[in-house]
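Below you'll find a set of structures to go through.
Below are two complexes that have chain A in common, paired first with chain B and then with chain C.
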Partner chain A sequence: SFSAPNSIISLLHNLSNCVLLSESKTDGSFLIHHFLSFFLKGTCKVCFLGLVQSFSHYSTVGINMLQAREKGQLVFFEGLRNSLDMLLPESDASDAEPQPLSFLRWPSTDLRNLFDFVNSSLSQSENDMSRWASPVLLIDDLSVLLSLGVNPTAVLDFIHYCRMAVCSKQQGNMVTLVHNEDDLGDEDCDLVLHALTHQSSLILQVHGLNTGYCRDVHGQDKFQLKRDHTHVFQYKVHDKGVSFFAPGTSSAVL
Partner chain B sequence: MAIPVQSMTGISNARLNVEMNTTSFQKKSRSKLLSIPGTRPSFQNGQLLVSTGTTSLDYVIGGGLAVGTLLLIEEDVFDSYSHMLLKYFLAEGIVCSHSFLIASAGEHPDDILQGLPAPVLDDVPKDEIGKINQRRENDVSEESQDSMKIAWRYQNQPKVQTVLAASSRFGHYYDASKQMSAETFESAEYYPFYLPAEVHLKYSVSSNIHIGYIKLLRFIQGVIHKEGFDRACPQSKTRNILRIGIHSLGSVLWGDDICCKDDPLYAYSLTKFLYGLRGLLRTSLSVCMVTVPSHLIQNKAIMGRVTNLCDTVIGIKSFNGSEKDANDLYKDYHGLVCVKKIPYLNSLICELPDTRDLAFKLKRKQFTIERLHLPPDLSDTVSRLNKQDLAESSKLLRMGCGAAATGKKHLDF
Partner chain C sequence: MLSEVITGSEGGEGFVLIKDCVQCGGRGLLKSFIKAALLRNETVHVFEFEISQEEMYSGLTDGTSSSLVFHNGYTDPLNWISNEKPFDFSIQSIKSQIDQSKDKESEAKNVILVLDSLSWLLHHIPITDVCQLLQEPKRKESTVKRIIALMHSELHDQGIVGSVSHMANTVVTLSPIPEFTTVNWEVDPYAIGETVQRKKSGKVNREEECYTVQKDFSLIIHHDLHNRKQAIPKPDNTAQVDPAANLTFNLRLSEEERHAKERLSLPFTFSEKNQKMDWESIVGS
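Moving on, here comes the complex of A and B:
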């Protein structure tokens, strides 16, 4: 159950928001699953850049992605599968149509093609506008682009273009997951994280507990709404969802 | 036996459910899972698991290694124990009749193959080894037996009383002091990749990824496609798992400079390779173990990126040659095991171990990983000073693994 955080998240339906999910020393992908299911149920048109897992990984957690994709509600980009065409090209000639992950083959092309993909997936035709509510862009995760050698400036440009296209022009929402590894000295990651923190209207920071690993409380989640105060919850991930509770009130303790 | 599978876009790592009828947040029932020798489904999420060759390591990573995933072992300083783990992984593949690929830049794969430990024979009787070879050849010829005249009803009973065939067991034990006999591996499906034979070291211009890595990626893709480990073409032969073992990835022998420079020229070569490898694994019935000399990588950010791209990450720290070696308290163990990452596959949660303070010891027939416990100091000369020392040093060890409390005080009773 997601009660208190849900009321915060339900605000997203009305505003055009840029949501930042940052995970530190733990796995924050349950939030991606939650947002995906939230927006699909809310009849939004979703463009999901799944860069680190396969399609069936996301769909196994219970969201009927196959159906959503067939209906035209969900556009899913499977990064892993597409990357092989770029890393191990069949021929030397460049492809006829631009590839979203072309930066893997030609580093200088940056993320222009990826943005074009997002833009064309979410630009609504007349038909679309009557069927679906506002568009949503979901990215899992942005840090992998940095790991693949994309310049942090190029990443920030990409996010900026996406925000203009999705949030400003179409009143849609954008949810991005990044890794926060501040003790590793990854300057590129820090740069992107700080810039996005500055731009986002809702920030969810998920991190493992300071006191170390615990089986009953998986971590802590800090919700921060811009111009509002911060809410801190602790959480435990279950088979079928997540339970949030105020710090110190885990059922293992009470 | 070949099970027909509908071709779906976005095929997962071997869950192979034929229909996708899910409702929200419901655990999928295990319909029509494959049965391949040497694998078993996970109790938690139905993932198909294989053994790493070391039963205690299987336990620590949640029951086994999921097919379609990548296990990274951060090598110990002399690459003695991590090399053992890699050999156990490959030996397990032979015993289970899996196909396997060995990629190496230093030692020739054939030499690695020669040096594999022999399975412990009381678990795998000679009959069974013969049966392993026979099963591969699909040759169901009758074993020549002396026909029994009086006890003819017992003619068809197995000669050795083993309850289960060895290769249908999950996880075996290996004798580190004996080498595997040639007859055990001679009919194995083995694909070697030896870097010096494939390429003269230079950087490839096209995508800024080192040419050695590109060649290896292409080689793996070729084996997967040609032998049908992906589901692209229907197979005529029975389905099997491909085990991929890569030794010392990222070292200078692979032509990479991340191990010798703080600010390497092509810092993203290895991560691009790992991304491509992840893509290949997710779309085929294969499983991969990679060892990396992470202690040589100066730039911690690079190791962070590498960790994020692997599914399971284990760090091995041996006590050999360190000051801990002299410390009596650690005499029971050969080193520490640090579980740095466990995957969340096809579910929201993962199998988390009870504790993260783990140590290992290598005995002749077993590599055990146990919860690290320091025995009580019962010596006559026990003093406050000693305890302080030990507590500090054990904390330091744990911080080296990076997963622990950062308090300095300890309670002293």
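Moving on, here comes the complex of A and C:
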């Protein structure tokens, strides 16, 4: 497997970055697994907003999420379970505390509570600062907020505050996954995608192959280091991770 | 033309709009404008909503210049963080903050107002208020001499982009560099800037230039844009194939074949020979 994407990704350790992952006609969540594993191994404090899958889904052979959570390295927000709690509250006592997903019950509000959750999860105490490297925010995925009826401006305000708190204030990294469906003409999705493209220093665009499904080459990934260099790699997802290779050099072909 | 707009030598008043796109951001050019104004010792008020103060100052100033007044709309514009000072980005507030820099002696217009970005303002306050602000250079009582605003074209309806562009004295629209055959640049070009300037006389000047913003935010214009643009020779893959070659049938008839065809009497037609339909020859006995 090609090491160049990893060297690009390793830049993330030295600089604070806003990384945009956009998936088009394919499932880009393997990149989320890749980054999660990368940052946990790099002893970063991670806040992971898992809005579309359960906790156990993300725990694989390479990523021991339970251990990371127990030692305080990982804060995982399980969107699916939390949304159910919001919509079917067991008691009214929960109303006293601001809920991260409060927008589900009061749709016209902003995502301030969700930001407060992220901010408090990643605020480094004295203890934290000696134990962990820079903080990381991972979001899988942002598009689901639009699907749930959140106004795109509210989504962008949320991202604005996350970037300010994580990247600018704490020199950390932020990785956000969005869907890119430019042929659907969804103005809200396009607005969010374009705005994030302006703000991000590293952009990874994952596409399914134009020629359709292939067993050995799952898709094509375009790495864009903020306009300076664009690298295109093809990839294949395995049980334990993903391998990248230059286009046309899949081991099945060579 | 772009250089003259930046130095302000071509009528430094009015509203300059920089429209960028996802392929080429306009912040470098915006900082170029700011740098030029600081070098002329002009008072510049930057209302910043998209990047931190450190990022904005980086390469531009060490922060000691009193000519640059930075208004921090990035850290907490919506008052979500309790221990931060709230930032009022309403038009009245912006105007009153600028008025504090009023040149009390000469009463002359002396403020250059930078909005980074106009897109952020348009998403958070009504467009009518924004347009009021953009009219400031025209108002005699205002201290604002010039407004320079960055707008991200893809983030708005074309109607809004059009309305705002219409209000501007000068519009610089950025687009990516097309593919060239020769890659022999001393300095890599960054983007194409199309500058459209509307003068008071009503005359409209337009120029397209290829530029790069240097690390010190000075501008390089690549003058021989069109000379370097060579026609990409079309590879002649489509050799002229004769579609009439190698057919399994004849397209033309020779003289003999034509006569034979004309002589042939078809069984289902009437002729002198066949007074009635010759069913037997059609069906077969």
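The working rule: the second predicted complex is superposed on the first by the 244 of 254 C-alpha atoms of A that agree within 3 Å, B and C clash if a C-alpha of one lies under 4 Å from a C-alpha of the other, contacts with A are read in each partner's own complex, and residues count from 1 in each chain.
One rule holds in what follows: a contact is a pair of C-beta atoms (placed from the backbone, for glycine too) under 8 Å apart; a residue touches a chain by one contact, two chains touch by 3 or more.
Since the structure is predicted, the reported quantities are computational estimates derived from the model, not experimental observations.
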Side-by-side fit of chain B and chain C on chain A, or clash: fit
Chain B versus chain C as contact partner of A:Gln199, first or second or both or neither: second
Which superposed partner A:Thr153 touches (first chain B, second chain C, both, neither): second
More chain A residues in contact - chain B or chain C: B
Chain B versus chain C as contact partner of A:Arg112, first or second or both or neither: second
Which of chain B and chain C A:Ser54 touches, first, second, both or neither: first
First, second, both or neither for A:Glu78, with chain B first and chain C second: first
A:Ile139 touches, of chain B and chain C: first, second, both or neither? neither
Partner chain(s) touched by A:Leu191 [first = chain B, second = chain C, both, neither]: second
Touched partner set for A:Tyr161, first chain B, second chain C, both or neither: second
Superposed arrangement, angle subtended at the Cα centre of chain A by chain B and chain C, nearest 10 degrees: 110
Superposed arrangement (fit on chain A Cα atoms) - minimum chain B/chain C Cα distance in Å: 13
Complex contact set, residues of chain B against chain A: 8-13, 15, 20, 22-28, 45, 206-209, 214, 217-218, 221, 267-268, 271-272, 275-276, 278-280, 282-283, 299-301, 303-305, 308-309, 344-350, 352, 354, 356, 403-406
Footprint of chain A on chain C - complex, ascending: 20, 22-25, 50, 52, 54-55, 74-76, 78, 80-81, 123-124, 152, 154-155
Chain C contact footprint on chain A (complex, rising order): 110, 112, 115-116, 119, 153, 156-157, 161, 164, 168, 190-191, 194-195, 197-199, 227
Chain B-facing residues of chain A, complex: 27, 29-30, 33, 37, 52-57, 59-64, 66, 76, 78, 80-81, 83-84, 86-89, 104-107, 143-144, 146-149, 179, 181, 184-189, 210-213, 215, 237-242
